[in-house]
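Labels run A, B, C, D, E and F following the written order; every chain starts at residue 1.
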Amino acid sequence: MIQIAGKELPNIPWEEKPQGCQNVLWRYSGNPVIPRDAIPTSNSIFNSAVVPFGDGFAGVFRCDNKARQMRLNAGFSPDGIHWTIDHDTIKFKNSPEGLEHFDYGYDPRVCFIDDRYYITWCNGYHGPTIGVAYTFDFKEFYQMENAFLPYNRNGVMFPRKIGGEFVMLSRPSDTGHTAFGDIYLSRSRDLVYWGKHRHIISPSEEYPWQSRKVGAGPIPIETSEGWLVFYHGVLNSCNGFVYSFGAMLLDLEDPSKVLARGGNYLLSPQTLYECVGDVPNVAFPCAALTDSATGRIAIYYGCADSVTGLAFGYVDEIIAEIRKNDMLKQI
Amino acid sequence: MIQIAGKELPNIPWEEKPQGCQNVLWRYSGNPVIPRDAIPTSNSIFNSAVVPFGDGFAGVFRCDNKARQMRLNAGFSPDGIHWTIDHDTIKFKNSPEGLEHFDYGYDPRVCFIDDRYYITWCNGYHGPTIGVAYTFDFKEFYQMENAFLPYNRNGVMFPRKIGGEFVMLSRPSDTGHTAFGDIYLSRSRDLVYWGKHRHIISPSEEYPWQSRKVGAGPIPIETSEGWLVFYHGVLNSCNGFVYSFGAMLLDLEDPSKVLARGGNYLLSPQTLYECVGDVPNVAFPCAALTDSATGRIAIYYGCADSVTGLAFGYVDEIIAEIRKNDMLKQI
Amino acid sequence: MIQIAGKELPNIPWEEKPQGCQNVLWRYSGNPVIPRDAIPTSNSIFNSAVVPFGDGFAGVFRCDNKARQMRLNAGFSPDGIHWTIDHDTIKFKNSPEGLEHFDYGYDPRVCFIDDRYYITWCNGYHGPTIGVAYTFDFKEFYQMENAFLPYNRNGVMFPRKIGGEFVMLSRPSDTGHTAFGDIYLSRSRDLVYWGKHRHIISPSEEYPWQSRKVGAGPIPIETSEGWLVFYHGVLNSCNGFVYSFGAMLLDLEDPSKVLARGGNYLLSPQTLYECVGDVPNVAFPCAALTDSATGRIAIYYGCADSVTGLAFGYVDEIIAEIRKNDMLKQI
Amino acid sequence: MIQIAGKELPNIPWEEKPQGCQNVLWRYSGNPVIPRDAIPTSNSIFNSAVVPFGDGFAGVFRCDNKARQMRLNAGFSPDGIHWTIDHDTIKFKNSPEGLEHFDYGYDPRVCFIDDRYYITWCNGYHGPTIGVAYTFDFKEFYQMENAFLPYNRNGVMFPRKIGGEFVMLSRPSDTGHTAFGDIYLSRSRDLVYWGKHRHIISPSEEYPWQSRKVGAGPIPIETSEGWLVFYHGVLNSCNGFVYSFGAMLLDLEDPSKVLARGGNYLLSPQTLYECVGDVPNVAFPCAALTDSATGRIAIYYGCADSVTGLAFGYVDEIIAEIRKNDMLKQI
Amino acid sequence: MIQIAGKELPNIPWEEKPQGCQNVLWRYSGNPVIPRDAIPTSNSIFNSAVVPFGDGFAGVFRCDNKARQMRLNAGFSPDGIHWTIDHDTIKFKNSPEGLEHFDYGYDPRVCFIDDRYYITWCNGYHGPTIGVAYTFDFKEFYQMENAFLPYNRNGVMFPRKIGGEFVMLSRPSDTGHTAFGDIYLSRSRDLVYWGKHRHIISPSEEYPWQSRKVGAGPIPIETSEGWLVFYHGVLNSCNGFVYSFGAMLLDLEDPSKVLARGGNYLLSPQTLYECVGDVPNVAFPCAALTDSATGRIAIYYGCADSVTGLAFGYVDEIIAEIRKNDMLKQI
Amino acid sequence: MIQIAGKELPNIPWEEKPQGCQNVLWRYSGNPVIPRDAIPTSNSIFNSAVVPFGDGFAGVFRCDNKARQMRLNAGFSPDGIHWTIDHDTIKFKNSPEGLEHFDYGYDPRVCFIDDRYYITWCNGYHGPTIGVAYTFDFKEFYQMENAFLPYNRNGVMFPRKIGGEFVMLSRPSDTGHTAFGDIYLSRSRDLVYWGKHRHIISPSEEYPWQSRKVGAGPIPIETSEGWLVFYHGVLNSCNGFVYSFGAMLLDLEDPSKVLARGGNYLLSPQTLYECVGDVPNVAFPCAALTDSATGRIAIYYGCADSVTGLAFGYVDEIIAEIRKNDMLKQI
């Protein structure tokens, strides 16, 4: 049986799979779990990151305001379902010289390593790149150097050092609505200087849901079968991009090696709250909670760039699905 | 009174026009008649073709799977409403040398001529072109030569030879989300070699619903007034393509001659299932059933590239509408 | 307290702000106030202009027909809610030589000055430009010279002469789905020759809801604080344009001077009828009614290029919001 | 015989047609008549306007500097061949409030009416539009109101009032490398307010050299056959725009009426200095000198956006060529 | 030693390879062999086809006129160097009903089979497609059915039937400056109906000179090693397309099989007359003469869409070069 | 007087400024100093890097071959004028695992630090990024890790460590003909991991020659006034990109600080070999030689992506020109 590494999380938000559901993932019946107007100033709350924190949960949320400016706010929840999000945006401290100005920030991820929570996000610095900060309490946030040169998005750290190095996935992009996107892996000894960049996966025309671009989603989940990485894929229809998500497995010791990659999406935008909103047809995962005791996984994903959804699955079913339609075996 | 050629079809799926409806076509109250998940592996089922078969109906369905790959599946129904679609995709037999590999297939049409059912579809062969096959039983399908060079879509055969030749409409296109599209007519003596290509209609900026491209829909319906051809038209808004459909009349003996062409659409995407889905704002007809006894017509059309809808009308009202707003008289 | 100039309008359509609503504007509970099929020939009715007229109201409506041709129709209402729209399109009289042919017309505004109602609209004359006409009774419409050279849209007159000159805002554009758009102001002594063109505002990347283009909406409202101008702003997402609207204040005596400009939108497309339709995600205001006795403002706005919505607000709250997030103070 | 209105110009720059030349226009053997580095600060000198002045000639020149900024400089010549161009750019005086800042200026025309020389040029004011100024001596230049709203280029005045009104041709455009362009005519009583805009000609796909856009060139030449207007036309090849020029005749009394329009170009870029330079393949006329005594016409045209060329022709041959291939007779 | 099939051609135009030339092809020292103004009405003469005829040579020439309209003219030469081109364009006779109107024609090829010369060209019929005609004397030309549906270019026939069928290569395209282009092969029994379409080659990103599109050039040359097919390839630089040409070998009995394909170009635009002109950087071959006695090949190719060039080579050196850098062996 | 740091170079290639030349830089009279066919397999040789080596000079050259594949070759010269370029391409040794495959390489720079010559180039690794290697003898080249994630170009190292760190300029880009480009600076302690990325300069619409993108050219030259950095700037005309070059000064101790930036270009493509070739209108500097004794600078720059040019200037005149038109003082 497939094991998830790490702690048990008995209070993981959860609903059992509905009767008759033939899919590996199923949606929370109370979706959207976070509405667009959860704070007075927000236009939308989506593409956000949550982690276990104390007896409950904490998170960093993308809260676009009513100027449609992209901002980050911290928040807390006792159960992962009901969230109290700060009305004030995060103000980073100790920013390196030259990075003090906050232009915009979006699509955060939160990764606990050792003693602190690292936040990576798409940070506006003469274009989008990967900002890095850390917090101990989700109240004080300390900014570090940007990891990479612009233009980059979807920087996702691994939850422990591998081979003595921090490891991050990212998706180099351009200045606009990027029409391409591969996932790369980079390494660092100190979270300041990064190198040893390696290519992980490209979009695939053979699997149209992920034919235009791909980008890592939640923090990789360590399992007995490898790192489980949920990632979004984009199809470019005549009426715009459609963001779905699937998953792959990376080698535990050398995560630049792909072990298996699912050809099918696990969840695509099909509900009204995923299909209708500021950007129609988007399901974009940024965080996952796991319970090593039961193999349960709860995925938070942005819906239509407007609200936040929650979906559930079991690690063994997810990995079985990856292997059943493994792209590496079909090529 | 206008006559439809061909057999009576007393079991044609049907609902009477709702009270107060001022339009020529009206939607089935149980729409979508085929949901997106009618088979376990399907992402969506739409742009599909049905015909009378035995005591009931059979069809070839576009069933995109959860990799969003475009596939064709056969199906059967006793009443045209409740469908049993094969879980396995169609595997073509006797494919000509060089055409054995099935890359992708979509938007099928089915046309009964003489003793068999011909299927034409958009067949991936180094780009989209018109595939041709036939079946006697919707179980075994025999592939013939592609009708044309790439790049082409919406190949629609006439239901009988005209002047001793098979006749097909098609819409030459390009490799992507084609931004143009005229309807042409071609002829063949043997369904292998095609020629005598003639231009039928172009999009018209004067009639914006059909200003970007036009393409034939169901198999032309032989009536006492000419061939009744439903066709889709595309408007290019700032937020993408909108697919509606209307109709025209072609000369019975020389179908390259347009007798009348309706300036107004007959049905445009206005319901949630037509406006919301994998491709918003699409109503795309691929098949029609007719009852010569009553003049009833039932049209199957894809909705938002996600599900299949059904709409109804009377042949005389449809042709009256074409003539009332005949583009040929207004230019 | 802020005063609106002009008459009292005790029968202004109105609903009180819902409990708990934290926004400055709120929607009419019966929205869409005008459905897409209010007349038999219409595909959609939106982006339309209404004014007090007699004991009730009159208006000029954009009624796209079922060829998706853009047409203008007059209409009347006793209460601003229930509208009777002429089934026949407006036929302009006395058109200047060379402008007799009506190609297309859309997005009308109606402005009462002195003794008559002026209509400005986007008039097709070898491309879109600003048509001008007047009526006394909304039955006979007399066409004047186009105000400007093509290509132009959203011509909006001020409701009185300023400095002895008629004044009009407009948004020069191009021949298609224009990707830019600033608001300019022009002056005329006779409504035939226009000049003294001045730039008013540009889109702003800092305020993404209005980062792509901006265009004036209803006739400017004279207040004790300046001319209150609602205007639409456009954000260009990867899936198309999103039209929201906000407001600014112009100097009463020299309206080419911007006094304040709100950084936040006042209303963005968030309901189904604003997000789903012929053009998803559009809220486009073209008219406002005001009651000087109470400071009430009722705004008519097009929804998804399909139907017409109605929203309400108080002038003092609106102007307070403009000043609270005044872009001029933040730059 | 065809008469040119206006003065004799015995010192018009001139060379006889080379032996064997079968074209209506022929190039000056000393081309480029003005090199790109005629002043120390210039990157290029082209698309410039000259007129008879005193015993010789004066002009306004587009002198892009070595930052490639577009600037205007005055210049003088005794013979139209040898030019002394001011090293300093023109500084306009008496600019209307709000227009004082010179952003950029290019493609000037100079038109003598009554007692002064009017300069029109593409003036940067939140985008390109038509600037207007006048001078008596080519030393002091007085700026007036811009004629039109942005975005516009190639404003070309008629050399006398017609029906009591000033008349100007222009080519409305957009903010960039405009891919469209029609010629329109506007009228004014005072050079401040303009109106009565009429469409003159569009590009024509049937005549590919002028299939993408057209724009007026030199000041129209009054002849006994009508106003002779040279205009540039643009073909869009796979490797960019090609600017050639041809001519048309407008009605003397109502210049919004086109009497004849030549289907063939008169001169297209074929020499090295026309085909190689900052913008390859450009021949762009901005001025013409005429001698009523002989029917001689000397045309100054920009070459490859780098240097200035000179070409010669006879009015009767030019008009004969227009009529021989008159587009109005061929459609 | 490699043999060319067919007749000896002792009067083939020829120059020996210059000393020190390391390339397989070399240019005629008198290039351009046909200037742009060889007839009074021509803007350019290029992309043209010549064949042995009588004691000398005849051809069909693309003669764009001074409206830049694309026209075809016949011509004759005693030596292949000095050409007399008809001043009048070709008027086709016996055109099938519906194809009588000549819209435009370009890039002709001429192929002798049995008793007549077949001309194929890009024929404007609601878009570009492959026109077919024949002549016995280059004076009377008889038009047949277009071979294919639009949109297509570069239709090139094989000089004899293969397997009892006529065979043609073509490059399906779109309506504009097509950014893609593969070579396909089609077959016909009667030159009216075509079928059995097979894909031959695609562009290759690995060989950038042919990375954007490829298209057949002269009539395939039958050799003892296979059909020698010269074809153009296009590289898309930041400043436009660059057309070079190379060659491949097809199987004699089944020409849908590629035996070898040269990775290097044989000739790319490097001279002034190839790099400067109406379309810079084009070398586009449309015809070749061969002498079976000596293995000499003379290639006519369009230069910069302006003039016609001539290049020479030996069949054995050309085929050796194909094999030395054979793409099929390197992949 | 301004001093250049570093060694004297008495054999620097040199010609005195021509009489009458008013520009700061002047071209070598024997340009192109390296022709496109200097080796048998080359299509073009340009954008190349040279350094003093032994008694003469060595370099790394971009030698595109006749498949138009981008390759790097080493070469040697006794005088910097006459070059012997290896016929074989460089084969890198000791490539890190995963980087062994050479896909393509272009636009090299060579930088001597301490004891070896570092080569940086645009290295194809799932897109363009910055490759790094070193050599002692220009015979053996040892590859290191790529400096950055794709997509990046124009990586240019400083010739000594600053603050204990290696420093590199680069221009992040995208996958194609990038339409944007800023210069950034990054730092490294070990040439493996890079960080502390800072923005240096952006393109400027106010200075059109550098309005589209900018990128560093030769290795920065240490002077008593700061680091002298030549950089290319791109203007986007309607007919494509134009590459010119200018210069700026960076702070010696903190090179992320710009001290002065010249508004004018120093050299723009104006000669035939710069304007005509595989990519017209390109002057692209990649290397400079300096003589500290005399202040002479010799710049090697690619011409039209076809050949290599050489230009000369004096350091004091160049810096005086930067300061005379300093953009920082004019904004």
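As a working rule, contacts are C-beta pairs under 8 Å (C-beta built on N, C-alpha and C of every residue); 3 or more make two chains touch, one makes a residue touch a chain.
The shown structure was predicted, so the numbers you read here are calculated from the model rather than taken from an experiment.
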Co-neighbours of chain F and chain A - touch as defined
none
Looking at A-C and B-E, which pair shares more C-beta contacts?
B-E
Hey, which chain ends up farthest from chain E, C-alpha centres compared?
C
Could you figure out which pair among A-C, C-D or A-F mirrors the B-C interface, over half of its contact pairs being identical by residue number?
A-C
Examine where the copies chain C and chain D touch and state whether the two sides share over half of their residue numbers (same) or under half (different).
same
Report the inter-centroid distance (CA atoms only) between chain A and chain E in whole Å.
55
At what distance in angstrom does the C-alpha mean of chain F lie from that of chain E?
41
Where chain A touches two or more other chains simultaneously, the residues are 239-240, 272, 276, 280-281
Chains touch one another in the pairs A-B, A-C, A-F, B-C, B-E, C-D, D-E, D-F, E-F
Seen from chain A, its contact residues with chain B in the complex are 22, 206-209, 211, 235, 237-240, 242, 244, 263-265, 268, 270, 272, 275-276, 280-281, 325
Complex contact set, residues of chain F against chain A
96, 98, 125-127, 129, 145-152, 170, 172-175, 178, 180, 182, 184, 186-189, 192-199, 202, 256
So in the complex, the part of chain F that touches chain E is made up of which residues?
36-37, 40, 43, 65-70, 177, 239-241, 272, 276-281, 305-306
